[in-house]
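Quick one: the structure is below, and I'll ask about it shortly.
Order as written gives the chain letters A, B, C and D; numbering starts at 1 within each chain.
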Amino acid sequence: MKPVSAEDAVALIPDGATIMVGGFMGVGTPERLLDELVRQKKSGLSLISNDAATPGKGVGKLFEGAQVSRMIGTHIGLNPKAQQQMLGNQISVDLIPQGTFVERIRAGGCGLGGILTPTGVGTLVEEGKRKIEVDGKPYLLETPLRADFALVHAFLADYVGNLSYALTARNFNPLMAMAADTVIVTAEHIVPIGVIAPDHVVTPGPLVDYLVSNG
Amino acid sequence: MKPVSAEDAVALIPDGATIMVGGFMGVGTPERLLDELVRQKKSGLSLISNDAATPGKGVGKLFEGAQVSRMIGTHIGLNPKAQQQMLGNQISVDLIPQGTFVERIRAGGCGLGGILTPTGVGTLVEEGKRKIEVDGKPYLLETPLRADFALVHAFLADYVGNLSYALTARNFNPLMAMAADTVIVTAEHIVPIGVIAPDHVVTPGPLVDYLVSNG
Amino acid sequence: MDAQAIIARRVAQELRPGNLVNLGIGIPTLVANYVPKEMSVFFQSENGLIGTGPIPEQGMSHPLLTDAGGRPISALPGAATFDSAMSFGLIRGGHVDVTVLGGLQVDADGHLANWMIPGKMVPGMGGAMDLVTGAKRVIIAMQHAAKGKSKIVAKCNLPLTSSRSVDLVVTDMAVIAFPGGKATLLETAPGVGVAEVLAVTEAELTVPDNVPQMKL
Amino acid sequence: MDAQAIIARRVAQELRPGNLVNLGIGIPTLVANYVPKEMSVFFQSENGLIGTGPIPEQGMSHPLLTDAGGRPISALPGAATFDSAMSFGLIRGGHVDVTVLGGLQVDADGHLANWMIPGKMVPGMGGAMDLVTGAKRVIIAMQHAAKGKSKIVAKCNLPLTSSRSVDLVVTDMAVIAFPGGKATLLETAPGVGVAEVLAVTEAELTVPDNVPQMKL
């Protein structure tokens, strides 16, 4: 783990990169990294995020300057900007069931070639997917999702990069911290080693590449 | 969640039942339930457990009175009794890679029809299994494991059954607590609601059917 | 009692002590208001919480504690938080005893459509498909008709949410279940007759000899 | 220096600051003893710990803190514990930078056999197959020969541990890598000549012009 400024961390991300961003309706999203993505005008991003949040919040910020060219998520209903851009074919959007979304990220991070889920069988979701029977029941084969960068927000981070999360801000963050080539983390509090007890660490330090310093 | 005595909890388990037992070399195993399985002479058990522990410890206790007829695990090398019974064909043993073992249990608990793993491809482990290519790479399709009963050992349990675990005694316990029809838990300490903070709960109470009272 | 209150109150009667329950947005959210105080039911919020409590008092909300719509909530004593893989492991794995969701259409064999209207804006299915596929019991809470058209249809013409049939539909006019795969009228709303329900229901309903009124 | 010390000391030189490392039982366990104190390396124990420390002092061990063999260990400041799904997610997902394992045979193209001898008691593969398949770098630490027979063979006749080739083999006589899928002699042990290594190696070894001795 290397300490880094938000500016330098985001400078690592090239235009056109695939980024995973933690958070659920903007809760548990690394806002400082998103502000910096906006400020540095990164463009053509492929965004893997549960939702499009709301305008001005979380990943919602990326839609105002049309910085996203592709999105994989589960729901964009509360961001009119994202909807407009989807309807106008400015961004291509893959909407997938939330349980499938998180399992695909987990598969990407855990070295699995995919998972079989009953979700989506017999619906539009099964289009173009392999259907596999196990014990006579049909499942969809869902493949791994990975990103170039994961932007993760933790509650506590210690000096070796161990992370813990608070309340409903955990959501996709720990999964994404395993599923990207480079993991960049912001934390509400950076604390000495030992403040997060071993049993309370959710993301072990070795998974973290960059920890954004708190000013 | 219902409070119960160890005796009454184990009385629920019929001969021939499939049981999952938490623990890794006997660490994190609900010893009181195993003592009671021995005392009540339950027989013909199908045991799903990482290893056979050592004689007199953890699931190792079940081999002394030949109570196991089938075992699914990853390693039985440190229990000579289990080895003898395997070589004498008294028990049938399925040995599978540990990462596959835990993912199969997780799949069973999380409603997946299976997972694709690269582990075992090109080895004896692939015999009889479906091989599936994703992005040109071969994977083995591994199917879910479930049990009639999961015997789980926690460090803390609160009055609604929320569980947390200590150090390396966590291992398979939280996964097994999701993958059985009936979940029976022992805990080192039973504590009031709130002693385990929401962010530190590993197994939420609604997963626990029976919590064994501490005398 | 208005239509929403009738539905929410009647659905609340389906919950049992100790149940793990997931409520969708809209009418389903109201169900929590009608669970008897002395009954312990665990509400899951799929963004990572069991033990969802009411909206916090002014100044007591925390920005990192919200429901799946991003609105501030509270957590009850005994609450547990977890990541999204666990949350949907609970849902898809059958650990959620009851989910209550809204619907656009339910058809005669219990299939549900509730996530997409072709040609309109598609917001995404979120967690709906996993909930309908995985929860032990699926209850649909919705108006019986919208803009004069029955939402209990012969066959869904909107895209399905799951190949799994729902267990119960509660509307402002009726309670309908699907024993043997056939839509069956179990109860009518107070002051509503069987004939009245049949008149506004597109799906063919099996009508038992005795159809009581909801006890609310 | 005895054979085991040569191997463990040489393997330790392969570790880099910040590496997440998993050591198998036997000789690999000894590697930890030779990592420079000032270098921060994270050791994973696959039963659920990153930050494995040395055997605790008398009376300081805890029954719930053990290595994968069930022996008491300690945990270093900054340690983290987790369940087995996470542990093998780390392993299979390529998050473990280096695994050091024992071997029964490694063949000319780097395939490893280390879990089963047909006809003998089969204890089980435990985590070995996942480690060899998933770790970023696989180093085999073993004696060059056993009972007079080379363990670096032309072709493994024991069952393979993985279809993936290992990256490095360190023995008491040599360091061998597999560039382009060909066993290549990189170093010899102190006082051991190239000819001596070739004489006791069944596999055909590519021998570069310059084969230095290990610097221990």
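Here is the rule we use: contacts are C-beta pairs under 8 Å (C-beta built on N, C-alpha and C of every residue); 3 or more make two chains touch, one makes a residue touch a chain.
The structure presented is a predicted model; accordingly, all values stated were derived computationally and were not measured.
Q: In the touch network of chains, how many steps separate chain A from chain C on the shortest route?
A: Minimum step count, chain A to chain C: 1.
Q: I'd like the Å distance between the centres of chain B and chain C, where a centre is the mean of that chain's Cα atoms.
A: Distance between chain centres, rounded to whole Å: 34 Å.
Q: I'd like the Å distance between the centres of chain A and chain B, where a centre is the mean of that chain's Cα atoms.
A: Here the centre of chain B sits 32 Å away from the centre of chain A.
Q: Taking each chain's centre as the mean of its CA atoms, how far is chain B from chain D in angstrom?
A: Here the centre of chain D sits 29 Å away from the centre of chain B.
Q: Can you pull out the residues of chain B that are in contact with at least two other chains?
A: Residue numbers touching two or more other chains: 103, 106, 111-112, 117-118, 165-167, 170, 198-199.
Q: Of all residues in chain D, which are in touch with two or more distinct other chains?
A: Only 49, 75, 81-82, 85, 88, 91-92, 133-134 qualify.
Q: Judged by the touch rule stated earlier, which pairs of chains are there in contact?
A: Touching chain pairs, listed by label, are A-B, A-C, A-D, B-C, B-D.
Q: Please output the residues of chain A touching chain B within their complex, sorted ascending.
A: By the definition above, chain A touches chain B via 103, 107, 111-118, 130, 132, 134-135, 137, 139, 141, 143-144, 164-167, 170, 198-200.
Q: Sort out for me which residues of chain D touch chain B in the complex.
A: So the residues of chain D touching chain B come out as 45-49, 62-70, 75, 81-85, 87-88, 91-92, 116, 121-130, 133-134, 159-163.
Q: Enumerate the contact residues on chain A facing chain D in the complex.
A: It is residues 1, 106, 109-112, 158-160, 162, 178, 193-194, 198-199, 201, 204-207 of chain A that touch chain D.
Q: Over in the complex, which chain C residues touch chain B? Could you list them?
A: 18, 20, 40, 42, 49-51, 75, 77-82, 85, 88-95, 97, 133-134
Q: Would you pull the chain A residues touching chain C in the complex into a rising list?
A: Chain A reaches chain C through residues 24-28, 50-51, 53-54, 73-78, 83, 87, 95-100, 102-103, 106, 117-125, 155, 165-175, 202.
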